[in-house]
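Please find the structures below.
Heads up, the next two complexes both have chain A, just with different partners, chain B and then chain C.
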Partner chain A sequence: MTDLNRSPDSSGSQVVRMPEKILTIACNLLVFTLAFLMLRLPYKFSLTLVALVIVALLYIERSGAINAVFSLYIRNKKLAALSAIIFMLAIPVLLARFRYQSHIAVMSVIYAMVCLGVNFQMGSANMVNFAPAAFMGIGAYSMGVVTVKLGVSPWFGLLASIILCAAAGLLIGLPTLRTKGYYLSLVTMALQLAFTQLIKNIPYIGGPNGLSGVKALNIGGFSLYKSYTFFGAKLAPHFFYLIFCLLTLTVLYYVAVRVSISRYGLALNNIAQDEIAANCLGVNVSRYKLFAFLIGAVFCGIGGALYASLTSFVGPNDFTFARSLIFICMVILGGMDNPAGVLVGAFLLTVITEKLRDFSDYAQLIYALLLVIILVVRPSGLIPKRVRNYCALFGRELLPSPQQQDAENKSS
Partner chain B sequence: MALLDTKDVSINFGGLWAVKDVDFSIGTDEIVGLIGPNGSGKTTFLNIISGLYRATNGAVTLRGEDITSLRPFEIFQRGIARTYQSSRLCWDLSVADNILMGLYTKHKVGFADIIFRPKKADNEIYEFLQECMDMLSYFNPSLFKLRYDLTKNIPHIDRRRIEICRALVGHPTVLLLDEPTAGLNDEETMQMMMDIHKIKRKIKDICIIIIEHDMKVMERVPERIVVFNAGRKIAEGIYGDIVKDHDVINAYLGGAAV
Partner chain C sequence: MSDAVANVLEVSELDTSYGRIPMLRGVSLNVPKGQVCCVLGANGAGKTTLVKAVLNMVKADKGTMRLEGKSMDSWPTHKRVESGIAISAAAVGTFHKMTVEDNLKMGAYYIDESLLRERLVEIYQSFPVLRERLKQRAGTLSGGERTMLAIARAVVNKPKLLILDEPSLGLAPIMVEEVFEIIRRLRATQMSILLVEQNAVKALSVASSGYVIQKGAIVFSGTADALGKSEFVENPVM
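== the complex of A and B ==
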């Protein structure tokens, strides 16, 4: 906490600045190397690494290291963003020849999108939404119907997903306006269960058999999900798709971060903590709750559309209550109300589940165990939410008022 | 013309008239105190004005506009700000964030600006934050340093000040203070009284309605006092007259003391 309050210019000479830039790049390199290794290594090493990272994250928080890294990134915003994007795009290149590892990477990116959406409701506004998989399903089925039944371009499918999910978010948000806490969760839970039953019983979209043959996204005649051969090396079909998903995630992450530091995020936080106070400060509470549902649903929908396009199949079993619980676990594990934390949570849990495929009997157990440990040791998640520090964010110090200066003159 | 008027305001909670037929008016640049025994309907009356409860009968008007059936956020937008008996700050937000919420309705940037024109949105927050810090320093300069501390780590009297800053920073026309000295010791109560006088100096023409049990405060702060008992207004006047009023003594001490 003390680190956060330090003004951004307190260590401001150019001499100190230079290593800071190197440090920023080094931090990013470390993060993405770890991510790459977790994806690439065989399950024994990969899971050991995951365990080590979780322990390390739990441990270094005590010394304020996580906050220090965040402050570092904020002080060198542009450099941090640029280097992160470059390292991020290196991952698909390095994984280009590994089909399964690329698949895990794409899945974790899609789940991360959904989790960012859930975070608007769960993290910022404290409304536990048990229906993210339903929203994801709406997105996926929109994509499926548009490409399979109507036979038009998948880009229209993506557009339809966004529009339909926004509408569904509003529709599902409305009945939840009058409920709070557990009751709100129950309403969303019921909607999730109803959704699965509903799609099983609509023959037009395949009922329990689902829809197959969903088209992959393409640019002109160039399909994003297809195996290409470059200089004699056969690339995994996920190569371009992964790049596309990563870039989409970058955009969504940017939106999530902007919202969380803006007045929207502040109003949502205020509603989460004290609805009456927020109302008496001029916040239209209903509108903001709907906003959280709408934007969250759109994020889930984009994730769902990309998922359908990837697997080329949508079925009711992909969007069940159990899947919703996994998204909620990811958000809790990563850190509620911290978009960066949510990404980490989504990535780690996806890697754990995918790498444990051979032992899927034990996967649920390890999963539960991990969550219990996190909830006991650090309920706020691996990367807890941070206090907004506007000075650091804007790189401008606030001016002390005349009274402030008087008081300082008197004391000195 | 009076700034804020209530006419025959009553509210019924399941058969009990918590507030009954209260006529009340306050002009600009005035401080009015509300006193009365516990459960006499003072806070309920403030809740009606700020829109948290809707009056069963009667009307509340602000500058001639009927605000009885408006929702709390609409009433705040019209310039009625309030504090609470037990403070309603957000403990997990920083001091700066809490006060910034007081300027929430003044924001002009929309969602598109936040995403596509980050500079513009950030500049607006920066300017607002500067206003918030000026207001905070006006009441207690030493709080400036603690602006990014979580509110739960701040001493009680400063939390009260933060709450007042949050209500004042948007320059309201009416300020409702619900027991600002609750839980403060004698010395802090004196400081709080000074602060209330400072409000008048900072914001011209603001009118303040203050609920208080501490008679020292009631003697020195308000210009006029309204006494509530069992949901009704039983007396109104200056402090000197009120303390001699038979009905008031009856209500506070019971008939035997007279």
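== the complex of A and C ==
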């Protein structure tokens, strides 16, 4: 905690600062190397690595070292962001020749987008939404209808997904103004089940057979999902798609972080803790609840649209209640109300699910066991929410500390 | 009232009910500007309901409410808060999982950050306890400190009307003394306060006018002196 509270100017001389920068880059390098290895290695090693990472995360959280890591990143914000983007873009390059591993990477990125969306409702505002898969489905079907039925560019599909999901988010958000807690969860659960049934019964969008032939995103005739050959090496078709998804995720992550540290995030946290108190301090509770649903739905919708464009097929079985539960598990496992934790949760669970395909008989068992263990050991997730600290985040002291103020009093 | 602006809050003929059970019946009340007005009453008399109705947390069936002469009947809770009513009450908890600093920041949800700094300096001077605990989670504070925090959070925004709903509830006598000391200090800054209390003696020591509420209706209104001498305060079974 003392580390977190230290203002940037008092963090030491230049001598201390240089290794700090190197340390930031090293931390990022470690994170992305681990991510790459988990994707690349065969399941035995990959899963061992996943287990080790989980244990390590549990350990550094318990020992408090994670606060130091976070304050390191906050102090060197620009450097951390820049190096993270560079390392992140190295992953598609390194995976360029491996089709299946690239596929896992794309899936985990898409799931991470959806989880960031769920986090607005579940993490920040404590409204458990059991319908993220339905939102994702709305996004995916918008993409499907626009490209297959209307035959227009997939970019319009992406736009349609965003607009329709925003509208759906508002609509589904409305009952939440009247219901709370378990009742709210039941409402969203009912909506999720109704959604699956609904799309199965609309012949226009293919009914139970779904829609196939969804176009991949392209930039001026250059398809993002296609096998290209570079210097004699055949690249996986996911190469450009993965880069595009990673950049989209970066933008969404930035938005999520900005929201969570802004007045909006503060208001959502207040609503989660004490709705009456929030209202009594002038927070327009209905507006913020709708906001959480709207922005969450848009995130899920973007994820859904990218998913449809990747698999070139949308069917009702991809957007079931079970899928919604997986997203909720990812958010809980990663750490509620912490965008970084949510990314970790989404990535680890996707990798575990995919790597366990090799012996599918035990896959569900191991998956369930892992969740139970983590929920018992650490119910708040692998990287739980941090205590807010606006001052350190913006690099300035909003409020004078007692010491500073004493000094001011003495001088005046 | 001949001069409307002399009162910060005017409530007239207010009726509320919980479902089919009537709660307040024809309550009229004025809070004069820059003074402390107290509302006394036993448990279940309707004190808290009155407070909730002023903030529109309980819908009024009948009656009008004015803030500085402006009708606020159609305003939702957050608009009333924005317009200058602040509350500190047992029902309005502090945010346990957030730091004291963030709790205070929430009190100033509607003001500029540049103003916030000077307001907080003032707050630290009046509430030295909080200054020491700035980075601590509110959940780790003691009951008394939490009450201080709730009051501090309510006054950060310099409200036109401060509502204190039983600030002495559940506090040790020494803390009660401290809370009333703070109310005296706030009174000195010309803040208009609606103090809702069970502790009649304490409340009358700071108030200049008062009301007694019984079974949802106002049964006495007058100056603090008159109220102190009335049967309601002299008689222990209120």
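Here is the rule we go by: the second predicted complex is superposed on the first by the 390 of 412 C-alpha atoms of A that agree within 3 Å, B and C clash if a C-alpha of one lies under 4 Å from a C-alpha of the other, contacts with A are read in each partner's own complex, and residues count from 1 in each chain.
By our rule, contacts are C-beta pairs under 8 Å (C-beta built on N, C-alpha and C of every residue); 3 or more make two chains touch, one makes a residue touch a chain.
Just so we're clear, the structure is a prediction, and the values are computed from it rather than from any experiment.
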Touching partner for A:Leu281 - first (chain B), second (chain C), both, neither: both
Which partner, chain B or chain C, touches more chain A residues: B
Which superposed partner A:Val376 touches (first chain B, second chain C, both, neither): neither
Touching partner for A:Val255 - first (chain B), second (chain C), both, neither: first
Touching partner for A:Tyr264 - first (chain B), second (chain C), both, neither: first
Common interface residues of chain A - those touching chain B in one complex and chain C in the other: 1, 5, 263, 266-267, 269-270, 273-274, 276-285, 387-390, 398-401
Chain A residues within the chain C interface of the complex: 1, 5, 263, 266-267, 269-270, 273-274, 276-285, 387-390, 398-402, 405
Chain A residues touching chain B - in the complex, by the definition given at the top: 1, 4-5, 254-255, 258-259, 262-264, 266-267, 269-270, 273-274, 276-285, 387-391, 393-394, 396, 398-401, 403-404, 406-408
Of all residues in chain C, those that touch chain A in their complex: 55, 57, 76-78, 81-82, 87, 89, 91-99, 101-102, 105-107, 109-110, 113, 116-117, 120-121, 124, 131-132, 134-135, 137, 153
Contact footprint of chain A on chain B as seen in their complex: 50-52, 71-73, 76-77, 81-82, 84, 88-94, 96-97, 100-102, 104-105, 107, 109, 111, 114-115, 118, 121-122, 125-126, 129-130, 133-134, 137-138, 141-142, 144, 147-150, 166, 170
